[in-house]
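Supplied in structure tokens, the structure appears directly below.
First chain written, first letter: the chains are A, B and C, and each begins at residue 1.
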């Protein structure tokens, strides 16, 4: 059984079709990459999977159950986590607090226990803090725990977003252009991080523009163009697929 | 029947005030997604500028005729338009990109400031001011109802302004640029549109509509007060949500509809509930048709 | 006035100074009725305590969750009327009526909240404004609320043998309410719930993606705020022994909001300070009382332009601890 199954999904905005009849699957343990020129609908399908957009038709099955109609926070509870293309950290919270926020759906303390500061609430708060430090260490930011996320360097912010997502204990981690804006050294360590995440039992699904990175890291690629799937397969076969070449070459001049 | 007609005419006149003010709310919300809380007070200031203009024109014996009224209205529109642009420059522009609650609070502060500035300004003051010009009673009888030319003129003037604004926004280059900014501010800037100027233009147009409504309301009710914009602003907001916020024809329809609702609703449940009627309508729309009757037009993307 | 910032990692000296300050302030507050025999001073002090309590409640909505409520006086009114009607007309026990005041305000809040918060948060501003007017007009026109004259002759209850009809006693009761609220609100802000509010204030979509039920948390903030408003209103009815529609105008809501904004949105010590200032400053500027709301308006604009975090900023708006 696949971990994620996108079945015949179509997404429209007004009269515009952003995604047309798209199907693909992600199995636990693979690293799947979603690629395609700008405007191909990659982020849109992420938004469908995570619940920010409602597809006009089609089905999305995650971990054996349909998630259509569930609000995003419910899908996070079920085991999806995501990062954003344009970094959506909580700028005025510290790095540690950002990660602690990620653990929200795995913790319980409510209004009254927080006001009364019950022993259970204190214990949970301590555990969450430790857990946050663990994930900060995991991405190599442990010494930045008390800095506001807005004051971290760009590359660190990218990794912080991953730590925050990991804190929700996901089964599937959707990474939206994790390498964007990173220098070659940072890209190397990002790749290591993605491998490490998979070894921990979390399945990464990534959108990425950096072809060499995608070719090296992904076991399977799904190629989108104009909202439709034009190719799927291992990196080698995709690289030689004439439709893929055409899609990319056609867009090259626009700086894709 | 005759009472119905009389009520209807009242409803249309009051509704056209709401509609004119609603246009500004809707336009500003459509462009920068800000509830310009001070907008109702621009309506009030329009009425006061008109009041002073009529007094001054009266001194040079121009004040009481049609020419004088039109001239006073133009003066009020110009002054209020400038003030609306100034408010945006001072209180909203520096805060673009700040969390949404911040400009909302400055808008509230602006509203308090404008109201109380009028209150402490000696020639205007805290008490009701009687408008220098009263509407003539001349008119004609239709099905036993006396229909005043002046009331018809107010309604016609309101329609003229609304149609004019609509054409300007839909047809002119400036209007198109403004809509482009409303649709996507950044993209519009990339296309070489001066977004700040278009936003200023939006505030200017909204303010002159409010000012026109203010002067006409002064003529219609015969008296004005520094708090007159508070409730009207709230009702105009209701009207713009009713029609679909960001949607200019919607604001006009919403304003008229609210006028009709209020006049006929009040006559059935009693005058003391008049304002409850409008706010009840606002809550009902939000429950059943939050996008308004004609659909909202705002840019909203993830 | 509280220990909100006393975080586990905080340096000991700062903590000591803070604790000292809090103790001194509390001692001064307790001593006040014994030091000054002036009824005027005591009355001002009681008013300050009411505005502190209200500001602490509104701060949950405005400061923690980032939602603008312009009709907070409505919940204050509902609480006051509920207590007045229940204890006077129906002879209900004071404590029960007090609870009912909070709960009833909260029920109305949930109606408004569920209607509006699922749409756009900024619509809340206008809807609460309209709602505040509806409540006032309704109170003005219903029989059970006593129409424009309101309800008077509300019996002051005895709490632990002390009559709340005595200004000094109501002062101490309100002092306890404010101290307990301060502690509870500070803890709340610094918890999982407070963090969830901070997230949705900072970036709603990201908060939702982190598994935070943003609608649920907005509603929770709103209900907490309205409950506090209702409760404070009930005490207000006891203090005044009367309630009338005139006490719950839009300007009341604005004044509480100013307390929150001036003190610092989201900052518990800040809003307590703000609650005190919105009473003290106009008292000191009596000579120019006509200018009061002009100054309030200008203050709101200038604060947002130049000092949006307020006089005593919340930790999140201040400096980071490295």
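Heads up, the rule we're going with is that a residue touches a chain if its C-beta (ideal position, glycine included) is under 8 Å from a C-beta of that chain, and two chains touch if they have at least 3 such contacts.
As the structure is a prediction and not an experimental result, all values here were calculated from the model.
**Student:** Report the chain whose mean Cα position is at the greatest distance from that of chain C.
**Tutor:** When every chain centre is compared against chain C, the largest gap points to A.
**Student:** Can you figure out the chain closest to the middle, judged by Cα centres?
**Tutor:** Most central by this criterion: C.
**Student:** Could you work out how far the Cα centre of chain B sits from that of chain C, in whole Å?
**Tutor:** Between these chains, centre-to-centre, one finds 33 Å.
**Student:** Hey, how far is the Cα centre of chain A from the one of chain C, in Å?
**Tutor:** The mean C-alpha positions of chain A and chain C differ by 41 Å.
**Student:** Using mean CA coordinates as chain centres, what's the chain A-chain B distance in Å?
**Tutor:** 46
**Student:** Residues of chain B that touch two or more other chains: which are they?
**Tutor:** As it turns out, chain B has residues touching two or more other chains at 302.
**Student:** For chain A, give me the residues that contact two or more of the other chains.
**Tutor:** 52
**Student:** Residues of chain C that contact two or more other chains, please.
**Tutor:** 202, 205
**Student:** Quick one: which bits of chain C touch chain B in the complex? Just the residue numbers, please.
**Tutor:** So the residues of chain C in touch with chain B come to 62, 66-68, 70, 112, 115-116, 119, 121-123, 125-127, 129-131, 133-134, 137-138, 140-141, 201-202, 205, 250, 254, 257, 261, 265, 290-294, 296-305, 308.
**Student:** Inside the complex, what are the residues of chain B that reach chain C?
**Tutor:** That would be residues 33, 35, 37, 90-91, 94-95, 98-106, 108-117, 119-120, 126, 230-231, 234, 237-238, 241, 272-273, 275-276, 278-280, 282-283, 286-287, 290, 302 of chain B.
**Student:** Give every residue of chain C touching chain A within the complex, in rising order.
**Tutor:** Its residues touching chain A are 9, 184-185, 187-188, 191-196, 198-199, 202-203, 205-215, 220, 224, 316-317, 320-322.
**Student:** Give the list of chain A residues in touch with chain C in this complex.
**Tutor:** 50, 52, 71-73, 76-77, 81-82, 84, 88-94, 97, 100-102, 104-111, 114-117, 121, 124-125, 128, 146-148, 151, 164, 168
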